[in-house]
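Take a look at these structures.
Two complexes are shown next, each including subunit A; its partner changes from subunit B in the first to subunit C in the second.
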Partner chain A sequence: MGSHTHTVTDSGENLHQVTGPSWRIRARRNSGLIVSLIVFTVVVVVNRVLQPNLFDRPVLRSNLTTFLPLVLASVGQTMVVLTGAIDLSIGGIVTLVNVATVALFGAMSGRTGMGAILLPVIVGVATGVAAGAVNGALVAYLRLQPLIATFATNFIWMGLALYVLPTPGGSVPDGLCRVYRGYFIGVPNSAWFIVLTFLIWYLVRRRKLGRYLYAIGGSENSAYASGINVSAVRLTSYALCGLFSGLSGIALTADIASGDPLVGGPLTLSSVTAAVIGGTRLSGGEGGAAGSIVGAMILGLARNIIFFANVPPFYQDFVYGLLVIGALAIAAASGVRRRSI
Partner chain B sequence: MRSPLSTCTNIGTGNVRRMFANPVALAYLLAVALFMLGQVLSPGFMSAAQILNVLRVASFLGIVAAGQTLVILAGGEGIDLSVGSIMSLAAVMTAHITLARDAFLLHALAAVILIGLALGAISGLGIACLRIPPLVMTLGMASVVQGLTLVYTQGQPRGRSAPLLNKIVVEPWFLGIPGILIIWLLLAIAVSVLLERTSYGRRLYAVGSNRVAAALSGVNVQRTVVTAYALSGMFAALAGYLFVGYTTTVFLDIGGDYVLRSVAAVVVGGTSLAGGIGTYAGSVAGSVVLTVLDAILTTLRMGAAGREVVHGIVLVLLLVAYGRQRKLRQ
Partner chain C sequence: MVVLPYIEATGIRKRFGGVVALDGANFACERGEVHALLGANGSGKSTLAKVFTGIVAPDAGEIRVEGRTITVRGPADMYRLGIAAVYQELSLVPQLSVTENIMLGHEVESRGLVHESKCWEVAAGLLSDFAARLGRQLSLHIPVMDLSPADQQIVEIVKALSREPKVLILDEATASLRSREVEVLFELVRRLREGGCAIIFISHRMEEVMQICDRATVLRNGKVAATVRIGDTTPQELVKFMVGDVDTVGRQVKARVDAPVALRVNHLWSGRAIKDVTLEVRQGEVVGLGGLQGQGQSELLKAVFGAYPIEAGQIEIDGRQVAVRRPADAIQLGIVLVPGNRAREGLCLPRSVFENVTLPSLPKRSWHGLLSPRVERAAATGVIDRLEVRLGSMFQPASSLSGGNQQKIVIGKWLLSEARVLLMDDATKGVDVRTRHELYRFIRNLCDRGACVLMNSSDNAELVTVCDRILIMYEGEIVEELSGSSLTEETLVAASLRVEAGAERAGGFVREGKVHGEPHPHGDRQR
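So, the complex of A and B:
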C-alpha cells in the first residue's frame, strides 16, 4: 500500500506517525495484530505442551470446526466495530439462521441431491444478510444508538427463532456435516473456510469500501465532509456483519447438526472480545478482521488449555475469565498511545 | 442539563413543547401511558395493588440501573456488563450466609457490599489504569464473577432468604407501600443528591463530557472513574441482596436478565451513552417503563416468541421516538 492509503485510513489523526521506513509504519499500524499473533503463539505452545496430540489431523480439525462459528461472528463484528459501531444482535442472527436452516432441511427432507442442502443454506445466509440490513437501516438512517438498537433487534431475532423452532431439535443432512468436517488436499475444510474468510476480508479492505470503513471509524464528520456516503457505508457494514453472522450460523448448524432456539446467545459478546483481543479498537478506525480471526482462536484455545490443565470443573469459568482479562490487558497495553488521558 | 426534571415540575401550557423535548419527562409520560394502555388491554391493570406490584418488580432493575447510570455518565464508552453476575453472586452469598436466620442479615449485607465495591473497583482499575475498553473489561469481569459464584457454591446454591428480609422487601411499611419501594425512593434521593449536589457528582459530569478538560481543570479522572465502577458494583450487589428477599430462593444466574436491561433503562431515561448528560430520575422512569412493558406483554398471555418480538419492536420504537442521534450535517 502506498502512502496515500495511510493518510486515508489513519484519517489524519495520527498523520505525524507516517514517517520513517515503510516497515516501521506498517508495524505500527498493525501493532494490534502483531501482538495478538504473539499471544496466539504463546497460547498454541502452552496448549501443545498440555495436549501433545494437538497437531494431529483429527484433533486439529475438531478444534477448527469448533472455533469456526466464533471466527466468522468475530469477523462480522469487526465490520461494524471498525466504523465505531457495534452489533449486539449477532447471537440472535446466528440463532435465527440456525433454526431457519434446520426448519427448511426438515421441510425438504424427502428430497435428495445438492439442492436439498444448498437451498436451505442460501436462504439461511440471506436471512442473516437481511437481518443485518435491518440493523444497518436503524443505525444509519434512523440514527439510533448502535449498542441499544441492536440490543433491541436481538430480541426480535431471538423471538423469531423461538417462533420458528420452539424447542431444540431437527436434523441436518449428512452431506453438510461431511463437508464441514471433511478435508481438501489433506487440510481440514474448516481451515480452508478460515483462509477464504481472510481472503474476503483482504478484498474488502483493498477496495474503496474497506477504506471508507476505516475513515468513518476514524472520524465520521471528516468522512462525511470528504464526500463519503456515511449512511450507505454503515448500512453495508451491518449487511456484511449479517452475511458473516449468517455463515457463522451455517457453520454452527453443521457443527451441532441440529437446531436450538438459544444456541447463538454467547456468540454476541465473545465476538466483541475476540475483535478487541485481535487489536481492533471499539472506538473504530483501527484494527481489522485478520486480528479478529486470531482473537477468536485465542479464546477457543484458552478453553482447551483450561480443560487439559485439569482445572477443576467449578474453577473453569473463573480461570477462563482471568485469561480473557489478561489477553484484553495485553491488547490494551499494545494499542497506540495517542492520548495520555 | 443537570436537572431536566426541574422543567417537568412546572408544567404550564407554554412548557408543553419543552417537556416533549425533555427525555426524562417523556419517559415518565410514557410510563403513565403504558399503565393506561395496560388498563385498556386488561381491566384492573391500573389497580393500586397491580401498580405497586409493577413498581416492586421495577425497583430491582432501578437499583442496578443506579450504578449503570453513574458508569455511563462517566463517559469513555462507559458501560458495566458485570452487574448481572455481581447481582447473582450477592444473591447467592446472601442466601448462603443467612441460611434463613435473621441474625446474620447484617453480616450478609456487609459482605456483599464489600464484595460489590471490590469487584467494581477492579473493573474500574482495568478501565482507568490499564485502559481496557469498559465493554470488554466488564464482560471479562462478568465471566470471572460467574466463575467465583460457581466456586463459591460448587454448582449448588444453598440456603434461602431470612424471614426478616422477606418482610422488609415484600410487606407494606405504611400506607400499603412495600419496604422495597421506600428503600428505592431513599436510594433515588441519595443518588440524585450525589450527582447534583456533591463535588463528586460535578466531577463525574465533567469527566463524562470532556475528559481532557476535566483533567486540565484538576479533576483526578482515574479516581472518579474507578469510584463510578466501584459504586456500580455496590448497587448491583445491593440489588442482589434485596432480590433474595423477593424470590426467597436463589439460583446461579439470578441476575442475568439485568445486564442489558439496566443499560436500556438508563438510555430510555434519556441518559446519553456518550457520557456527561443524564440523571438518575430518568433511569428510574426507564426502569418502570421496561417493567410495565413486560407486565403488559405477560398479561396479554402472549407466547414467549411473540413477547420477545414485541419487546424488541417496542424498544426500537422508543428509540425512534427520542433516542435518535444528531444528523451528521450540523
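So, the complex of A and C:
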C-alpha cells in the first residue's frame, strides 16, 4: 500500500515494526473525500450524457475557469471551518479584491509589461490576506463569535468595495485574461491552478500548522493543554482564508474581465456548502481542502446539468436547491461514525 | 543535607465566579519523590494541578521551579520547564490518531514539514515501553475516539511521558485502568522517581496512595490541611485530614421505617453507568447518593427521570410499576429532576422569573389553551413567596438572580406541578450557605407533606446534614448504605474511598465485597 516501513533499532530488546496507517484507516479518515469523489464522478457522467461535448478542450477550459473562483474560496473557507470557526466575509473579500485590482489596473493603464499586471495582482492578494488577518484578530484575540464577527466585517469589505468602485466597470489587461484562459502543455491553465491549489493545501496539511488546525477543531481545550498557541493558529487560519479569497478575487477578475462592487456575494455560502459536500464537518476537526475542491466542482457541474437538462428558467433555482440538498445528504451519510457520548 | 523542592507553589489563590477553589494553598515536591495530593470532592486538587501546568492562571501566589520564581502565560511555558500532566478529563483530540495525539505540540519536523515516520517511531518506542508490557498492541494510527477508555488513558499517559518531564502530574491517571495496567504504570513511576523526576500523584484510591507515594499533602476547602510522610500515617488519618473537625449541628432527621414506599427501583441496569441498582425511598424520606463523583449517581437520577436509557429493571411509584421512557412520562407521574447545571438544563436564563416558574405547569391552569394572566401571576407569587426568593420583580430575567435564588426557581417550577418524587442532581452546587439552609428547610417541608427526595451531591457535608440514609455508589453499583449513627461525614468519606473507617492498621480496605444494607461495623467508633 505504499506505506512507509521503518524499524526501531535503538530500543534494543523489542524490535518493533513501525508501519504507516493501513489503507483501511486511510480510507476511513478520508471517507468524506472518497464519497465526494464518487458523487463527482456521477455528476460528471450525467453532465457528459446531457452535454456530449463536455470533454472538448474549450468546453473543459470554460467550465474550469468558471469554477476556479469558487474552488479557491472553498479552500479558503476550509482553513477556517477545520478549526470549528467560519468566515462569512469571503464574498466581501473577493469583491474588495476584484474592485481594488481593477481600480489599480485603471490607474496603471498607461504602462505596459509584466509589472502593470503583476503589481495590481499582488496588491489584490495582499488585500485579501490583510482582510483575513483582521477577521482572525477579531476572532482569536477579541474573542468575538466567528459567525457574527465575519458577518459584520463582510459589510465593511463590501462598503470599502463600493467606495473604491461605486458602479460596475473598468477593464482588465488582456494579458491577465489570456493567461487565465490559456493552456500549458495542452492542459488548461485553470486546471494547473487547481493542481497548484491542491499542492499548497498539501503543504499546509503536512506542516505543524495543518495538524493544529485539526487539533483545535477537534478539541480546543486539548490543543491548548498540549501547548499549542491557539490564538496564533486561529489568526493564521483566517489569514490563509484571506489569501485564498484574494486568489479567488483575482481569478474572478480575470474571468469576468471587469470590476463589480457586488460580484462576490454568492461565494460566501457556496464556499461553506462546497466544503461540507467535500466532507468537512462544520464542527471542525474532520475533512480537508481536497474535498472542498471536489465539492466546489460538484456545485458548478450541478448548474451545468440543470442548464443542459433544459429545465425551464423559472425552475432552475428550485432544482439546483434539490441537487445541493441531495449532495449534502450523501456527504452527511458518509459521516456515519459519530462520537458516542 | 537540605533538599530544595524542585517545584513549589506558595499562597495560591483562585476563585471561579463565586466559588473559591484555592485559598492560599502551598505545595512543594522534590526530585525523586512521589507526592500525593489528596482531598475530598471540590477541595481544589485538580485546580492546583492545572495551576502547575499553566492551564489555570492563579489570582494570587507564586510558583518556583528550582528556586526561581516563574511567570506563566500558558501550558507552552510549563512544557518548556519540563512539567507535563496526565489530566483527569484527558487532553486528547478525539479525531486525531494515537501518534498525532502523543506528538501533539512537539511534532518531529524536517524541512518545515511534520516528519510522519519519525513521529511514528517516537510514538511506537514510547508505547512499547508501556502498552507492550501489557501484551497489547495499540495501533499507532487509529483515531483515539475509537479506543476504549483504558486505552485512551494509556495514550494520555504516554503523551505526557513523551515530553520527557522533570515534573509529572498524574491526575486520576488510574481511574479507568485495570489492576495489571496500574502495576505497569507504577513500575514506570518508580523508574522515573529513580531518575530524579518529581511526581505529583492525585488519586481517590487510597491503597494506591499508600503503595506508591512518599509524602502526601491534604487539601481541604482550598487550603492545606496537612503534609505528612506516608510511612508515618494511615488511610484513616488521611481521611480525617480531608474531612476536618466537622460539627454535625443542624442534622435533624427522623427515622421513617413505617411510612409506605413511594419510589422503588428494582434491579436497574443502564449502559455502563448503572449496574443492578435496587433501592427504596419512603414517603417523607430524604435519601442521598454518596460516593466519589462520577460513580453513576447522576446517571441513576436521570434514568429514573427518563432522560437516560434503561436497559433492564423496573421503577415503581407507590407500589405500582410504571414506564418512564421520557422526562414527560416522569413529570406526569410526579417525578421531577432538579439538575445541577442550572444554565443548561434548569432555566431559560434570558426569560423572566415568572415565565420560568410557570412553564412546566401551564397546561394545568389553561382553559382551552388560554391562560389567565391573573391566575398565572397568583400561582407564581405563591411559589416565590414560599421559597423566599430574593428578587426585585418576578418579571426580571432569571439570569439576573444569584445562583442560589436561581436554584430556588428551578425547584419552584416543580412545586406548581405538585411533585411526589424530587430528584436532585447536585442541585446546590455553587449556592451560598444561607440559601442552602433555606433549601434544606424547604426540602424537609416538602417531605413532611408526603413527598420524598433522592439526591446526589458532591458536597459530603450536605448529604450528612440533609439525608436520612445515604447509599454509597461505586462504579455504578450501590455498595454500602449508611444510616442512623453510622452516618457521619467521616464514615461517608471512608466508605466512598472504600477505606474501613476506624480500622487501626494501614491497609484495611474494603475490597470488592458488597456490604449492602449492613450497618457499618465500626461506624461510630472514632467520633
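Rule of thumb we're sticking to: the second predicted complex is superposed on the first by the 316 of 341 C-alpha atoms of A that agree within 3 Å, B and C clash if a C-alpha of one lies under 4 Å from a C-alpha of the other, contacts with A are read in each partner's own complex, and residues count from 1 in each chain.
Keep this in mind: contacts are C-beta pairs under 8 Å (C-beta built on N, C-alpha and C of every residue); 3 or more make two chains touch, one makes a residue touch a chain.
Because the structure is a prediction, the values reported are computed rather than measured.
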Practice item. Would you check which partner chain A:285 touches, where first means subunit B only, second means subunit C only, and both and neither mean what they say? Key: second
Check your understanding: Should A:25 be classified as contacting the first partner (subunit B), the second (subunit C), both, or neither?
Key -> second
Exercise for review: Considering only the touch criterion stated at the top, classify A:160 as touching first (subunit B), second (subunit C), both, or neither.
Suggested key: first
Check your understanding: Which partner does A:66 reach: the first (subunit B), the second (subunit C), both, or neither?
Key -> neither
Review point. Thinking of the overlay built on chain A, is A:219 touched by subunit B (first), by subunit C (second), by both, or by neither?
Key: second
Exercise for review: May I ask you to decide whether A:203 touches subunit B, subunit C, both, or neither, giving the answer as first, second, both or neither?
Suggested key: second
Exercise for review: Return first, second, both or neither, reflecting whether A:317 touches subunit B, subunit C, both chains, or no partner chain.
Suggested key: first
Point to revise | Partner with the higher number of touched subunit A residues, subunit C or subunit B | key: B
Exercise for review: List the residues of subunit A that touch subunit B in one complex and subunit C in the other.
Suggested key: 221, 224, 339
Point to revise | Residue ranges of subunit A touching subunit B (in the complex, touch as defined) | key: 86, 88, 138, 142-145, 147-149, 151-160, 162-163, 166, 220-221, 224, 230, 269, 272-273, 276, 281-283, 313-322, 324-325, 328-329, 331-333, 335, 339, 341
Exercise for review: Going by the contact rule at the top, pick out the subunit B residues touching subunit A in the complex.
Suggested key: 77, 79, 81, 126, 130-133, 135-137, 139-148, 150-151, 154-155, 211-212, 215, 221, 260, 263-264, 267, 273, 303-313, 315-316, 319-320, 323-330
**Study point:** subunit A-facing residues of subunit C, complex
**Key:** 53, 55, 74-76, 78-79, 85, 87, 90-97, 100, 104-107, 109, 112-114, 116-117, 120-121, 124-125, 128, 132, 139-143, 145-146, 159
Study note, to complete from the structure: In their shared complex, subunit C is touched by residues of subunit A numbered 4, 6, 8, 10-11, 14, 16, 18-22, 25, 29, 203, 206-208, 210-211, 214-215, 217-219, 221-229, 285-286, 337, 339
